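Pasting the structures in now, so scroll down.
Shared chain: chain A. Partners: chain B in the first complex, chain C in the second.
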Partner chain A sequence: MFYRETGQFKTNYADDMAIFPIRQDRIGIAIIIAIALILPFVASDFVLKTILLPFLALSVAVIGLNILTGYTGLISLGSAGFMGVGAYACYKLTTLFPEVNIIIWIFASGFFAAAVGVFFGLPSLRIKGLYLAVATLAAQFFLQWAFVRIPWLFNYNPSGAIEVPLRTLFGVPITGPTAELEVKYLICLGFVIGMTWLASNLVHGRIGRSWMAVRDMDIAAELMGIKLLNAKLLAFAVSSFFCGVSGALFVFLYLGGAEAGTEFAIRLSFLILFAVIIGGTGSMIGSFFGTAFIVALPTILKFGAPAIGIAITGATAEKIVLMIIGALTIYLLIVEPHGLARLWQIMKQKLRVWPFPY
Partner chain B sequence: MSAVTSSAPKPLLSPALMATLKVLGIFGAIAIAIVVLVQSGAMPKGSIGHKVLAAPFIDMWDLPDLLVQTLWEGLVAGVLYALIALGFVLIFKASGVFNFAQGIMVVFSALTLVGSYEIMTQRMGLPPGTVVAILALIIAIATMFVLAWLVERIVLRPLVNQNEIIMLMATVGLTYFLIGFGEYIFGGNPKVMITAQLGLPVGQTQFNILGGRVNIQHLDVAAAVIASVMIAGLAFFFQYTRIGRALRAVADSHKAALSVGISLNQIWVIVWFTAGVVALVTGIMWGARSDVSFALEIIALKALPVLILGGFTSVPGAIVGGLIIGIGEKMGEGYWGPLFGGGIETWLAYVIALGFLLFRPQGLFGEKIIERI
Partner chain C sequence: MLHVSPNTATTGIAKGEVLLSVENVSLRFGGVKAISDVSFDILKGEVRAIIGPNGAGKTSMLNCINGFYFPQEGHITYKGVRRQKVRPHEAASSGIARTFQNVALFKGMTTLDNIMTGRTLKMNVGLFWQLLRHGPAMREEIEHRRKVEDIIDFLEIQAIRKIPVGKLPYGLQKRVELGRALAMEPELLLLDEPMAGMNLEEKEDMCRFILDVNQTFGTTIALIEHDMGVVMDLSDRVVVLEYGRKIADGTPDVVKADQKVIDAYLGVAH
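Entry: the complex of A and B
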């Protein structure tokens, strides 16, 4: 009744091609952004620290992998490695040139990740499907090894970890131990909105079309004049760029420091791929659903179960959480193999014809 | 899109052999080039080129006993990688599922074996010894059968005909579930494999050969022998039994197999059970070399380069790939590792596999992929 496009006429091409052609969608997005803006001032520090910050930081990486896997059809298991490249690049840049603003460096670190991503994306021209997925593990393990074994990357810190230095924006500390959570959140949010806008424009334009053509069938795409080399490597570059920015955000704004090699382990790669698939491949909003799922679920299970009276100790809880995550994964894949984004679509469709379903 | 097997007339040499020859030729040319470079004095001792290209080979020549030791260790590791890869291949062939949980099945089955042995001897008061160990073995095999049945019922059947990445993700979910479940039942502490109770040999023999000593663990010999026997047994099973024939039919074409009355569901249970038994054997072997804990998970990831090297659908590929990766990894770590500061074992296997894949994108023994519009 409320969600219906009746009466909204498209009078020019720009209207027709708009990403949100329905007015209610535009209002919805505005409301979501408004809520996101006031959220840090109402949410508790705990929620902010354990759910919202990792959600924002990881969602960028999930969008990045979605570009590669969902839009271009190349499966990658190296995303955590590329995130690490971003984090370490940002750390090196900001310690070498402390006078440049950290925001610029967070953004710039994506380019380093993109360069590494292109290099490891080269095999994708020969190798396809699951073979490629395994091949990208080479990137993951090599990068993880490099983070531990090359002391230059963490400035010869004897502990082998990187510690985020204090950096300010207009005199307000935004990274380092003294920065306020709310400030970190807002910076993160800014990055997420900017990167989402960028990704959305990329996938809706000519480049995105060529990616999707490659995904659907790369030989046919080649016959139609799409250069596979450019399309695939560009997908790897953009995807790694997003992962790199996400890694920098993850370490600088969420963790505040990273143990060499442990944060960006293979498990994180799987988690990101998992978020892409649970959320829905080839869907922007699905990326956010997927991220929310992987970030919130462990926390909710860990802290929610005792709250409703199921007393489980810490060690047992972790095992049960693992079991539930595993079982839920399989369940969700069975119920909706196309991800949460599909459920969202179905819901919108239902809402559109409500209250007369026929 | 259709990917079909090539039906062109057989060339004189099989493609895999041709590829091997090509690679050997390249290596030979490189070796000659290195010798020429060193002899002509273009690469003086101590230069980077000498360190990378010549010094390791001179070491091999000077200390042949160390070389034999490294090769043997690589061989044993390779056999075990091959076993894990074999489990993958069995399942991939029969159901088209890339079973990421194979590595966890290895740990899980070994844990079941050790855990049930512990429970029987400690809580139920049965006398420790071979009898109880065999009882535990039976329990472990039964568990793997139940697991196979449950997986078929709960995971495979509803997900039939889904995209391969979704099946992969489902097995990742299975992995998490098995980790949680295994730790919940048997505890997270590393356990010691009941090697002696199962009648496996322990101890080691030293051989004095080539002017040095080579240590050979009896267990490693047993592992190699058992693995060979098992692979031969599987080959026999596939070739000459009714079920084996059905398995091969399913691997060739699901639809054709269905049309001649082969039950896919039954075959899947059998194939997952077979993979589970392979996992159990692998778990016993790995567990005897180190402790049984979920840290063994990392070994499963080591089997992945073996797979892409050998091809997802080829049993001989898994074996040859396992040996190449095992030996290559140990040689690389032993002779070239110090140049990189050590620890290159974690990624060397992948780089070796990638190197092969660039020449043969479907793996050494994989079916040639022909794509049509």
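Entry: the complex of A and C
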């Protein structure tokens, strides 16, 4: 009814190749961004702290892994490790050069993660699928070991943890204990919007097409003149870049401090992979659906269930969350490999032709 | 009229001269001899058919030409350059395109994206502008989109532009695959059973496209096909393989009358 593209004619290729070619989609995105901007001033600190901030920080990593797994077809279990690289790089950079703005360092930490990602992505030319996942597992464990065993990385803190220092932007504190949640949220949101825009530009162009070509049929891709090693390593680099930025956001703006042994463990890698699968491989919007799911579900169960009279303890809720995510991942892998994003697409398609079935 | 033009100017090989020649090529997989001592040539501008019973080594031959397999013996000379070993992307950049026996499209991508992927080698705007999707990146994208639209018009697949190719029927998939190969503006187009599994009407369409490509763009075509009617009608010259050996080579009429070919196809009394 209101979601129709009737009368919206494209008279040039640029319009036709726009990322949101339908006017209603553009309006929708504008509304979502407007809501996201108002949200911190409406939502309670609790929601901000337990749902919105981790959602924003993690969604960047989920987009990153989606580029690698969803678009290029390479499974990685090292995402949390690459996030850790970003977090530690950002910490070292901001403590070594405190005069440079933290925003720049958060972005720059992505490059360190990208370099590490490319190194651990090298085996991807020879091995595929499950075996590549195992190889990236090595990255995860090696990096986790390095975060704990190399005290230089956390500035020889006796606690062995990153202690996020106070950093400001135009005099307003944005990291550290005195920073307002709203400010942290808006900084995170800025990063998420910017990074999503870049990722979506990339996957719609030549590079994105060559990634998908490698995913769908690598021998034919080679025959189109795509060099498999270059395409795969670029995917690893971009993916790890996103993970790195996400890690820096995660520690500096959400956690406010972290011990790598616990935060960037294999569990987080799996959660990110599950978010990609649940949300929908090869879809930007799916990345957000998946992240929202894995971030919101624990909180909803822990605090929502008691509110409607179901008595479950926090520990039980935690286990139920893992069971639900596991079951849903298996279910989606079998029934709907393109995840929640596909359901979203079907819904939009139905809306377009409503009230007719097709 | 199509703006896609063959890059004849760059090669300097005139119509009728040898574009590619296969010299004494042998290919083994362990103890299995897939191709033994086969030689033939492909002239610029011709339609060259490679036929033979199942397992004769036809597809292996194409795989040698575009670099998926490396023959143990012999050479392949392409545009006057003799090569022992060639990588698939090198073959692609030197102007060899191909389609596959079992459609090898990028299933998750739309028809448009599949054909656009064929233009990868001709696009060179770097990562920075790709990230912004503005300026040079967008200009390049539009320029190639225009070329791709010409191919879409040529193959009459306008209606399926934005449909993921995985959802298309087989006949159309074959057509999109031809489109993807054409997008590379190849000089030599290798077609591996372009008409397998098609009905008569689809076959006729495909024949028309192949002849059009050959005649309008001057693209040299090497094709493997089992439908003898098609082969004899389309091709200028035919090479016949059996058990990895060449048993006949010549114009369709000569090959048709060759006793060895008849024996290979119909069997011999023992």
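Operating definition for what follows: the second predicted complex is superposed on the first by the 334 of 358 C-alpha atoms of A that agree within 3 Å, B and C clash if a C-alpha of one lies under 4 Å from a C-alpha of the other, contacts with A are read in each partner's own complex, and residues count from 1 in each chain.
As a working rule, contacts are C-beta pairs under 8 Å (C-beta built on N, C-alpha and C of every residue); 3 or more make two chains touch, one makes a residue touch a chain.
Computed from a prediction, not measured in an experiment: that's the story for all the values here.
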Requested in this report: Please work out whether A:Arg342 is in contact with chain B alone, chain C alone, both, or neither, and reply first, second, both or neither.
Outcome: neither
Query raised in the report: Does the superposition put A:Ile207 against chain B (first), chain C (second), both, or neither?
Result: second
Query raised in the report: For A:Lys227, is the partner it touches chain B (first), chain C (second), both, or none of the two (neither)?
Result: second
Query raised in the report: Comparing chain C with chain B, which touches more residues belonging to chain A?
Result: B
Query - Touching partner for A:Lys49 - first (chain B), second (chain C), both, neither - result: neither
Requested in this report: Give one of first, second, both or neither to describe whether A:Ile219 is in contact with chain B, with chain C, with both, or with none.
Outcome: both
Report task. Residue by residue on chain A, keep only those touching chain B in one complex and chain C in the other, then list them. Result -> 217, 219-220, 223
Query raised in the report: What part of chain A is in contact with chain B in the complex they form?
Result: 69, 75, 123, 126-131, 133-135, 137-138, 141-142, 144-145, 148-149, 217, 219-220, 223, 266, 270, 273-274, 277, 281, 315-316, 318-330, 333-334, 337
Report summary line: chain A partner, complex, touching residues on chain C are 66, 68, 87-89, 91-93, 97-98, 100, 104-109, 113, 116-118, 120-121, 123, 125, 127, 130-133, 137-138, 140-142, 145-146, 149, 180, 184
Query raised in the report: Where on chain A does chain C make contact in their complex?
Result: 12-14, 17, 19, 198, 201-202, 204-207, 209-210, 212-213, 215-217, 219-227, 234, 282
Report summary line: Listed in rising order, the residues of chain B that touch chain A in the complex are 1, 98, 154-155, 158-159, 162-166, 168-170, 172-181, 183-184, 188, 301, 304-305, 307-308, 312, 340-344, 346-347, 350-351, 353-354, 357-358, 361-363, 369, 371, 373
